[in-house]
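Okay, so subunit A shows up in both of these, paired with subunit B first and subunit C after.
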Partner chain A sequence: MRKLRLIAIAAFSLASLLLPCSAQKLVTPVSAIAGEDITISTTGTGKATFYLSGPGVANKRDVTLGDEIHLAGTDLKIAGAYVVILCADSCHGSTFYVKGSKPTSLALLVHPSRVPVAQSDAVSGVAIPFDRFRNMVLEPVQVNFQLTAANSAPVSHQIRSQNGIAWFRTASEKKAGKLQITATLDSVSSARVLQQVASDPCNLRIKGQRTAKGIELETEPVKDCSGNPVPDGTIVTFNLSGENGKTTVDAPIKQGIARARIQAQGPQSVTVASGVVMGNELRIGGQP
Partner chain B sequence: MKGAIGRAWNVLALVLISLSPALAADPSARVELDISKAGPRAVEPQTQQAIRRDYRVAWSSLAQALESNSADPLEGPFVGTAKQWLGDTVASQSRVGMTSHYAGQTHKVQAVFYAPEGDLIELHDVAEFQLQISDGGKVIHEQHVVVNYVVLMTPAADRWVVRELQAVPQF
Partner chain C sequence: MKIILPIVLVVATAILVVLGLFGLGQARGTVGIAQGSALPGLSENADTPVKAVDNLLADVKRRNWDRAYATLAKDSGVEEAAFIQDWTGSNGSLRSFSSLESFETRPMHVSNDEAQMRVHLRWSTPVGPVDDVRDLRLTHEGDNWKVMWPKEQVPSVPAQVIPVNYLRWDLVSGSEQDWGSKNVDAPHVRITSMNAVDSAEGSVVMGEVVNEDTIPAFVTVNATFIDAEGKPLDDENSFDKIDHVLLPKQVSPYRIDFPGISLKNVKNVRMDVKAMLVPASADPVIGVMNQKIETDPQGHSVLHGDLLNESGQTVNIPHVIASFYDANGKVVWVADGYVESALLPQSSGSFGIEIPKNLSGKVQNFHVVVNEYSVGKA
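Coming up: the complex of A and B.
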């Protein structure tokens, strides 16, 4: 009899230790989609406190064990890891993940804002798809980058995103002007415009003559190697070398041509440069 | 002699307890950053150091914010979406009296994309820490957590900032 009582006490003690652990359980979904409602199953009987802790949210409420717990999509907007905890006699937790939903916007980074023409790998674009809650869309998607310049056919690059990012790099066009870059993913698109400008001058040539007031020098229309006029304001340097020493004059390009008038006695040797580009050499006599 | 050995064991036990990541009170995070797979642009050593430093600061700040329920530590290391949702978490926790404690953080971070112009870097972080969630000061959940994070960082005026911080089941 005494033995039986001891066994009963031991069994009760064991049960009281085990029951709180097995009495309440949470069954969470394997994964959920951002903004969509989910249901969590519970087991056990009695009252409990339910906690939700995740990106952008922390809340608690009283629940009845055995009932389903409904989580509204408004609490699950941010993709990431969520912890749910159920506390009665003791607490039990579980973790589940919320994934981003369908892409609804594209962030597009394009560089640089101004680029010299005919430069290899000079233009780059990075597109990042986001869902309506600004979660990154990490599943691979096809992004179409379209480059449109005036007077030339559009060029497309189809890029599959990797780790949530699609990117391309390409050469700038030969013709100066605006270049529009549009990234498209299904019905979502994003566009940026960059300016292609003339590159360094090419075939820089000068002509000059001596007048009663000195030496007058001017360039031929300054263009890059693709034939684009070099922008006004670009500095052209004239170097004069004669019996009385050297003279240097900087002149900005105006309407495609740089001009300079220089007081210099005797015969002169004249050279011209713009940036790292040298032009032709000119010899001018001492008399007009 | 026996007493001396006993004291030595006690000291050793105290040292081990103090070094235990789960019990460490230091909120700072340990970050390893591997740049060997970054591209298309190569990450310069100085940039690597700056990103590692600023990412570590970001996680220390995140831990402080969620433990103290104050959004102040988020100012600076976070911008955009990451700052928004972290701020919302702090506000929600504060409203219901919950706190989250991140202890013993280690982050094994790999740079997987560095934009051609150097204005964006994507990191994959395998983060490991002891997460403790409390309600009104009472611990309701404690778990050793290993979480994968996809991170976007961009350069700001004087530091790299976390723009996106998204936990994923796997990379």
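Coming up: the complex of A and C.
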């Protein structure tokens, strides 16, 4: 198929160069729509050979000059440039473009899949309309991006596509949770969900006491600066310094609180950290 | 001629055998197998403390347990099974995958009836050679010296039920085939500090890395040395000098060694941290207790501490990584060490990490993390 197409293009180029004058002519439409039939009119008399070469298609057939040549939509499914050549005693050619048809699907890419809350320009979405043959629709179309988060009113962005792409960028919400982004174009829509997660812990505080089993430490509910609980599993590091040296325990947050029970003798100075965030300091005496 | 050659060969062989048995074996110092007999069943009489220890260690090296046990003093009070377990390890610990490669014996104190010896043991292990120092006490029994083998206190774990309700993260790849519907971003990790120094073997790049995300990450830190012409000199990665699996907000030291490259040839260092989303568990929690920098009998600064396994599962090979800071909070050294015995549930074990002599005065603070390798756990 590719060989035939190359031969046709080469033949057309040679014919155009060597035989600039010819009796027959063909008139092609300026543009066509993918999957739709088109008609090419010819002039002259007698028999001729017609060649069609385009993305994913190359064929030839005998035609009668003066008659119209019908090209079926099945031969024009892929958007791009097509070459037609008509050869009798000489060859004559023309080029036309096939554009994507009506959008039937939307590819939606949303980035990132997880985003900390209250970050400016942190969420972006890109929608690319495609027709039923998976051709990009390059004609400008209006895409409606709707952002829906729990317990807040949906926010819409009307974006006109440029060169087949519509995109937006926005800040993440202050509340952690799922954010659904829906892109809609006429009756076509596509949805993605991203997770808005708590940011770094804020105002990390601990309390503790010495018991018969050791020093029991726990944080107050760990939240970020927007008041969202920091996800369970986040590591909180307890550091104890006393006369026997330093003791460290990395404890994961469970149900919003990180806890540790540490056997340490004598008075202890306790600090807490989570990632690069430091918390308060605590002093615990040597006696229960 | 036909007879002379075989005769010469036989005589030469006999001379070499005699030299091997009585000559070279005693001419050397006290390193490994060279001390004592190289052939099984030909141990020397333990008429000195050094010979007694060498006989014991040579038998241990050959895994000749009955003979090794026979060199112990009657008052040792250790059973043969426990003695063997001391050397072969248990519970899938690092020791159970190790073998004694060489040893060096040094007398510390000798009197007519008692002696104290220090032995440097070099083990070959799956994670590279591991050095160990043990002090042994010997007593004079009859004409021979015998080793008093201390009875190890093996932690006994009572039968119990330990509830485990820590988080676990699993990965689910969606079944939807739509473009862009299966994208899950890699975790966000960040290098919070980096320091490059010359070392005895070349140069070292070290620092700390934090997982800033809300999901676990498998982290690798790479560094590339760039020369004055902008060409890469060498690139290396953190290999096992890092806690690869970082839970959310967890911090790990990292160290990248560049053997044979001096920093004076390096114009620039390009750092690259790679993070991958992996399934992980917040269990086991291992506490690092009683951390203290002390000077050992050989004058080295050593960070000592105890690891407490707070979970209900055995940690087969604990791996300790420590970052050391100067007075300004800058990471001046990162070192690591493997603990040779397994950590049983709710039990503790000690560790020690040596600090280079030239840095021991600089170190003001430190941070220890524990990496763990458990049998049957990916």
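In this section, the second predicted complex is superposed on the first by the 267 of 288 C-alpha atoms of A that agree within 3 Å, B and C clash if a C-alpha of one lies under 4 Å from a C-alpha of the other, contacts with A are read in each partner's own complex, and residues count from 1 in each chain.
Throughout what follows, contacts are C-beta pairs under 8 Å (C-beta built on N, C-alpha and C of every residue); 3 or more make two chains touch, one makes a residue touch a chain.
Quick caveat, the model's predicted, so the values are computed rather than measured.
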Kindly classify A:87 by the partners it touches after superposition: subunit B alone (first), subunit C alone (second), both, or neither?
first
Look at A:251 in the shared chain and tell me whether it touches subunit B only, subunit C only, both, or neither; answer first, second, both or neither.
second
Regarding the shared-chain residue A:124, is it in contact with subunit B (first), subunit C (second), both, or neither?
first
Touch test for A:151: subunit B only (first), subunit C only (second), both, or neither?
neither
According to the stated criteria, A:187 is in contact with first (subunit B), second (subunit C), both, or neither; which is it?
neither
After superposition on the shared chain, which partner residues are touched by A:57: those of subunit B (first), subunit C (second), both, or neither?
first
For A:74 in the superposed arrangement: first (subunit B), second (subunit C), both or neither?
neither
One more residue to check, A:112. First (subunit B), second (subunit C), both or neither?
both
Residue by residue on subunit A, keep only those touching subunit B in one complex and subunit C in the other, then list them.
109, 111-112
If you look only at subunit A, which of its residues touch subunit B in the complex?
31, 49, 51, 53-60, 78-81, 83, 85, 87, 91, 93, 95, 97, 99-100, 109, 111-112, 121, 124, 126, 128, 134-136, 138, 162-165, 167, 169
Within their complex, subunit C touches subunit A through residues 165-167, 169, 178-181, 183-185, 192, 210-216, 247-251, 282, 285, 287-292, 304-305, 308, 310, 366-369
Contact residues on subunit A for subunit C in the complex?
107-114, 190, 192, 197-198, 200-201, 231-237, 244-252, 254, 260, 262-264, 274-277
Subunit B to subunit A touching residues, read off their complex:
40, 81, 84-86, 88-89, 92-93, 95-96, 98, 100, 112-113, 115-117, 119-120, 122, 124, 131, 133, 135, 140-141, 143, 145, 147, 150, 152, 164, 166-169, 171
